[in-house]
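Both complexes below contain subunit A, partnered by subunit B and then by subunit C.
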Partner chain A sequence: MAKWGMVIDLDKCTGCQACTTACSMENNTLPGESWQDVLFYHEGEYPSAQMKWLPRPCMQCENPSCVHVCPTRATYKDPDAGGIVFVDWNKCIGCKYCMIACPYGVRFYADEKPLIEPDIREAYPSENGQLWSPPYQNPDEDWQRGIGIQPPGVVSKCTFCYHKVKHAPEGVADLDEDNPEVKEYVPACVRTCAPKARYFGDLDNPESQVNQLIGDRHGVRLKDHTGNRPQVYYLGAGAGVPAFTPADREHDA
Partner chain B sequence: MKLFQTLLDRRRFLQSSAVVGATAGAAGVTGLTGLAQAPQARAQTPRGETVVTKSICAQCPARCGIDVYTTDGRVHAIYGDTGNPIANGKLCPKGHLGSYFLYDPDRFKGPMRRTNPNKGRDEDPGFVPISWDEALDMVAERLNGLRDRGESHRFAHFYGRGWGASDAGLYGDFGKLYGTPNSAIGHASMCAEGSKRAKRATDGNDSYNSYDYRNTNYLLIMGASFLEAFRPYNNVMQMWGHMRSKSPKTRVTCVDVRMNPTMAAADRALYIKPGTDGAFALAVAHVILTEGLWDKEFVGDFYQASGRFISGETIPVDSFEENWVHGLTEWWNQELKNRTPEWAEEITSIPARHIRQTAIEFGSTRPAVALFERGPTGHTNGTYNGMAIHALNALVGSLFAKGGLGYQMGVPYGALPVNADDYLDDYARDGAWKDQPRIDMARTERWPMTSHMMQETGPNHLAGDPYKLDTAMFFYTNPIWTAPDPKVWEEAFKDVFVIDTSPFPGETAMYADLILPDSTYLERLQDSPTYPFEGWPMTALRVPAVEPIYDTRHFGDILIGIGKRLNGPAGEYYRELDSVENVLRHRAAGFAENPGDNGVNDFESWKEKGVWYKKPYHWRLERGRFYEWGGLDYNLQMSPEEVKAKLFKTPSGKFEFKSGFLEEHAAYIEREMGIPAERVGLIQWVEPQHSGGNGDLYFVTPKTPLHAEGRGANVPHNIAIHQPIVGGRDTVYLEVHPRTAQERGIRNGDRVRITSDLGSIEAECRFVAGHRPDTLVLPFEFGHWAQGRWAKGRGPGHSGEVTANVSDPISGLASYYTGKVKLERA
Partner chain C sequence: MNMSMKDRKTRTQANVLQGPLGWGLLVASGIVLLASLAFALIQLMVNGHTSFNTGSTLPWGQPIATYLYFALASSGLGLIASLPLVFGFKQYYPVAKRCIFLAFIVLISGMAVLALELGNVFRMLWAIPLNLQVQSAMFWMGVFYALDLLFLLWKFSKLQGGEWDSKTAKQVGIASFIGVLLASGNLALIFGMMSMRPFWFDALLPIYFYFTGVTSGVAALVFFIYLAHGFQRERMPPALKALLTGALPKLFAALIGGTLLFITVRAITGLYSNNPEINLVWTDYLFASPLYNASLLLGLLLPFVVMLSASLRNSVGVQVLVACLVFLGLFAERFYFVVGGQVVPMFRGTWEPGLISYTPSTTEWSLTFIGISLCFVLYLLGEKFLNLGDMPRHMAEAPAGAPAAGAPAAGAPAAGAQANTA
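Take a look at the complex of A and B:
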């Protein structure tokens, strides 16, 4: 079985957030429930200021803090599914321990005050046990893996689009969207990335393009000191979490 | 509050412990599964039948081909079409949100008429549903009546985003058959007309450029929001990824008035004072010449090997042999010789050393491209600014070169089944309408060099000059909100019979007497020839992913439906034309003789593939010579006459540093801009005239990646991530340098008031130390007073309300970025 990994090249990323919207439509998340967010950071001052951005999916850690703290074993890492970390919505009780434990801030609890008023859940009210029921639903649903629209009161997160990835041919080294044979199995954020700043493949296969890029371009994992060992690697001059003031916080000045 | 919520959840967790085992069996798993709170466990559901339809995104002008995924009649996913040369399987952030337009809960569900005669922001139109027949009859009765009274010129069409032959392409014949000069008033003068006019004035092509980014080694980007809103945005980003990782890496210098993603990602970011881009470009040109870096094969050279351009010194007349350029000697002697980097530093505030470095890099890297958009051109001196930048492309020989820029070829469409000229009655040929100017006065003595002046319509109607409109029909444009100084429009259009065709409840719809809702783009059959892209011809097709889910119609069919009800031969013409589908079938017949590279040769194969295109681009500059494509290679050398006919459509047949087009209008330019008539042709520095009164801060209102043409205002996911500069999340902010704010006693996050001589708007401010201290930044799109439940009333204020209706006298482009304002705590 493959160990799925993602590589994000920050030298090519343009911060456009197509990954964010592709994810939100593929996975039918609520506004602001951005499983694949992009964070913006500022540093310095005119005329030599910097602005950086960091796309942030779930890191699908090899040693995930969230799994350790879950009291119901709702969140789990599945070595038979590429090492992806899932939330079983049949078991999740929405206690949010995993959200506190996660060093990357990539877990969401959407069953609360909406980010955008009026509440879109009132426009598309709940049906069939879902938290909300928009007309444009992805037909795939698998609550044991946190796929589809969640029920009320649970935590949600990126699944590496497992509902797509699971169809990948056995033994494939890379899921490259430019290969028509596997295009439909590529995670939404990778598939749509216009500057091709994202790559997806098997970290257990030394021949894979993701491993080649990690090797040649000195890929780094975020917050490696935590011991979480993400399956997401970053490339480029700005790789790593900038120690800047996040763009949506108060400036130091 | 969040802590409280967490405690609540914990308590519920403890409560649920009491029902251990209730659902364990159903879930079929071991361990602590009994704590599950879901009433019943759910596993995988079977997948329905998914159909993929070819369409084209409609959220900006780029026209990306899209694959629309529909299951059980519901659209649920949109991805880029791999077979579409613009999209290449990719999309920008807007593209994925397309399903929202189809399922927008606020969209109009059928034709309606107004019952409340009063119009205004606070007036409920009192719309009541009517049938399509009633609605179209009502329009026809009005139009026929106007025509009977000899007042058909008082009917005007207005359009924003026209797509092709099956919608906006129908306007010309409508005006001719019915008899109005106002079919149609386009939005170009509120868009990017300045770039087109700058190119018309220099190389004779009234168009945006196509670009060969794949082979470019240097980009000088000036005020184009390249990584936010430059067309075609999706493809521009694909090319960015390529340019920034190819060997050699494409080097990028970005010149802009504010921090933005392109500035952040460029190799060199230069912050320029608004409206002064022309001065920067002239200094770059000066250095290219003094350093001897110009392309001698394209531009020409001194007759004597000892010839030099020396700062401050003229060159002898007839000492320089011009090849494909016109007026270089006069340009240098009368303008450029003193345009040193030190001179430009005083005007632009960019240090001379940066200008010199940029010029040396740009002049010594081939191929190099200088591109620009509304930043430099959205000012009263916009055309001259644009000409100065475009001149850099000529100096380094990039026009029509590999890795350079060109123009867009047209599509070999088939003819319509009927010719409008065969259906003209006497009134259409010689009626009273023939003596009437357009309501916007474009192409008249008042605006002789413009193609459209939509922003003038509101004020002109209010003044009754040249006349009062009677009926106005709008398609894909919303000037009652988007025009500069829109309150004039709100007053003006109270007594006009307004027909809006947007499916969404925008401001223009709130003024409408009749709503004839177009279908949304995923429901439409519609052609779409490409915007300037890579030059070779291409046209894509929208194929409906679903039948219209409400009682809406394609705009083209609405127009044809009105036409069929016109009296006289015009009605016959439209009955022959029949429908949008019939139009498209006849257009597609042109592919039979010109099969596309993907095999598309008729209507059916066009629908299947979603796009027709035929590579390559037909012209190429190589080492100072122009060649035409001969079938296998660029091997047909072109004569100067052929170059003039096909490439440089100027009076001289060359690239003009001294513009014949401007010289034809010398008296007008002297009168409007104060430039001596004998100098108007020279590409030159002209001071911008800032509007807004005596404000001390520049005010710019850029388009962000989620904005483009502003169609996302009622899309909650769009609002939620509206970025990027200060992290909008659920709004956008007035972005200000902290020093500027602190001098006015403003703290980060304070509510502030922005004031021009037109009035004030309010916003929440955020400190951005990366911006120029003299420039305020407020993204466009917010501040709607209609447009749907999520758009309406969402702050901050609308920038247009403090933006004066002032335009570049040459291009007519509204000077959206030239206002000056005051800032204070609200």
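Take a look at the complex of A and C:
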């Protein structure tokens, strides 16, 4: 079985947020429930100030701390699904410990105050136990893998679009949106990326493009000191994320 | 020390909560409980957890802090009960039964708050035991607190049956002591093992939790003892009076001092550290908050200074005031501990220009009131029907200061201090 991994080239990423939008449309997430987000920040001061951004999906860690802390095994890493970390919405008790334990802040408890008003959940009220029920929905709902629209009181997260990826032919090295044979199986954020800053493939396959990029271009993993060993790698400048500084104290940094 | 069955018989101490005052307080706290429970349930049914001010950036708020406070106060009370029941500090016998009972109901109250905080509480009942995720500290929290409750109940039933020193009672007492240590120590590790949350990450956090847990337990104990006796020491049996003018206030002072020491070293370490995920919490959140500073100064430092004076620490008014101040001060400490570990965003640019702000919502406050009022209701029922002031007969009958009681010398026994209830 493949070990699915993603490579994000920050030298090519334009920060357009098409990935965020595609993810939201594909997975019917709520405003603020950004399974795939782009973080914008600036570093330094005039005349050397820099505007920077960082796309941030779930890292699908090899050694995921969220999985270790879950008291019900609702969140689990599935080696038969390419090592993707899922949340079983039938088992999640909503304790939110996984959100505490995730070093990347990529888990969401959407049963929270709306990010923007009016609350879209009131426009499309809940049906069939869902948190909200918009007219268009991803037809591949699978609550055991946290795919679709979640019920209230559970944690949700990026699934590497497993409902698409699972249809990939056995043994394929890369899911490249430019390859007509596999383009339907490519995660939404990768397929939509206009500057082609994202690559998706099998980290266990030495011939895969993702492995070659990581090797040739010195791919790094975010917050590697946590020991979580992400399956998402970053290329180019900007992968070294600076420490948090409050906006009103930037000049002290 | 073996005692005959006759000696094991105990007697009931009069207390004001067995009279009309008890009924009045029971009705009042029952009304608060029903009102806050109705409000919380309506909010949760209509609005779900959108009625909380927690969210994806700061998932654990005041309800978790309330649960933590109650769970640790319960553990603290359990540890105090172990002084006479496990370690043989006999002067603490007069509070042992009340401690065990309080530990039980305070934990029940905390669990009730946690149940209302969880997304799917009933699912927990099968999902945790059936999936056996032994890697999760939260799994062990369920195991250890269930055992803790079981042993507290078992121990209480022994004391209720007048078994103070039987072999079984001692064995259950030791099991209960170990259960308390495991439960609260493991609760500390739920926070202390999170290396990705550096404000909490601390291998010695269990020690901090034991210490502060006992401090909040003593605060609750002192308050409830005085409440049971109408805030008049003259109504107390001599052995209890001796304890409240001898060992207990000294222990209380030492515990508050130790708590301050813990907070001070944590603050120094945090302020010294360059790591913004620790340093910013202290500079920009904790010490920037007037409420946190007030809770430190009025809730811990002032009580400690007052309790250093031998004459002041034995005064009824001072003891009750200090108990209330420490109770509130440590509640604030728990709140700021839980929230403080989450206020620094994990990344720059997460749409949060400063620290993540959090103020509890009305629904979250109602959960806290549910915990407090449930605790009062159960406590008042206990005082009414379960003879919580009970102690071994030889202590109840011994005059204050008698060696048999194991208590330090105190003033002359007050007339009418002991009376059997009808």
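Convention: the second predicted complex is superposed on the first by the 242 of 253 C-alpha atoms of A that agree within 3 Å, B and C clash if a C-alpha of one lies under 4 Å from a C-alpha of the other, contacts with A are read in each partner's own complex, and residues count from 1 in each chain.
Convention: a contact is a pair of C-beta atoms (placed from the backbone, for glycine too) under 8 Å apart; a residue touches a chain by one contact, two chains touch by 3 or more.
A quick note: this is a predicted structure, and the numbers were derived from the prediction, not measured.
Peer 1: Based on the superposed arrangement, let me know which partner A:Gln212 touches: subunit B (first), subunit C (second), both, or neither?
Peer 2: In the superposition, A:Gln212 touches no partner, neither subunit B nor subunit C.
Peer 1: Return the chain, subunit B or subunit C, that is in touch with more residues of subunit A.
Peer 2: When the residues of subunit A touched by each partner are counted, B comes out ahead.
Peer 1: Give one of first, second, both or neither to describe whether A:Glu26 is in contact with subunit B, with subunit C, with both, or with none.
Peer 2: Touch partner of A:Glu26: subunit B, not subunit C.
Peer 1: Would you check which partner chain A:Pro71 touches, where first means subunit B only, second means subunit C only, and both and neither mean what they say?
Peer 2: The answer is both, since A:Pro71 touches subunit B and subunit C.
Peer 1: Can A:Cys102 be said to touch subunit B (first), subunit C (second), both, or neither?
Peer 2: second
Peer 1: Does the superposition put A:Arg56 against subunit B (first), subunit C (second), both, or neither?
Peer 2: Touch status of A:Arg56: second partner only.
Peer 1: Could you say whether A:Phe40 touches subunit B, subunit C, both of them, or neither, answering first, second, both or neither?
Peer 2: both
Peer 1: A:Ser133 contacts which: subunit B (first), subunit C (second), both, neither?
Peer 2: neither
Peer 1: Applying the document's definition of touch, where does A:Thr226 land relative to subunit B and subunit C: first, second, both, or neither?
Peer 2: second
Peer 1: Under the contact rule defined above, give the subunit A residues that sit at the interface with subunit B and also at the interface with subunit C.
Peer 2: Residues common to the subunit A contacts of subunit C and of subunit B are 32, 37, 40, 52-53, 71-74, 91-96, 112, 153, 246-248, listed in rising order.
Peer 1: Quick one: which bits of subunit C touch subunit A in the complex? Just the residue numbers, please.
Peer 2: 48-50, 52-57, 59-60, 118-121, 123-124, 127-128, 131, 133, 135-139, 141-142, 190, 194-197, 275-277, 280, 284, 341-342, 344-350, 353-355
Peer 1: Where on subunit A is subunit C touching in the complex?
Peer 2: 32-33, 37, 39-41, 52-54, 56, 65, 68-74, 91-97, 99-105, 107-114, 119, 152-155, 223, 226, 241-248
Peer 1: What does subunit B use to touch subunit A in their complex?
Peer 2: 5-6, 9-10, 12-13, 16, 23, 27, 29, 31-33, 35-45, 47-48, 50, 71-72, 74-80, 82, 89-97, 99-100, 102-103, 105, 227, 233-235, 237-238, 240-242, 244-245, 259, 261, 263-265, 269-271, 705-706, 716-721, 723-727, 729-730, 737-739, 742, 748-749, 766-773, 789-790
Peer 1: Would you mind writing out the residues of subunit A in touch with subunit B in their complex?
Peer 2: 9, 11-12, 14-18, 20-22, 24-26, 28, 31-32, 34, 37-38, 40, 42, 44-47, 49-53, 71-74, 88-96, 112, 115-116, 118, 120, 123-124, 129, 134-144, 148, 151, 153, 177-178, 180, 183, 188, 191-197, 246-251, 253
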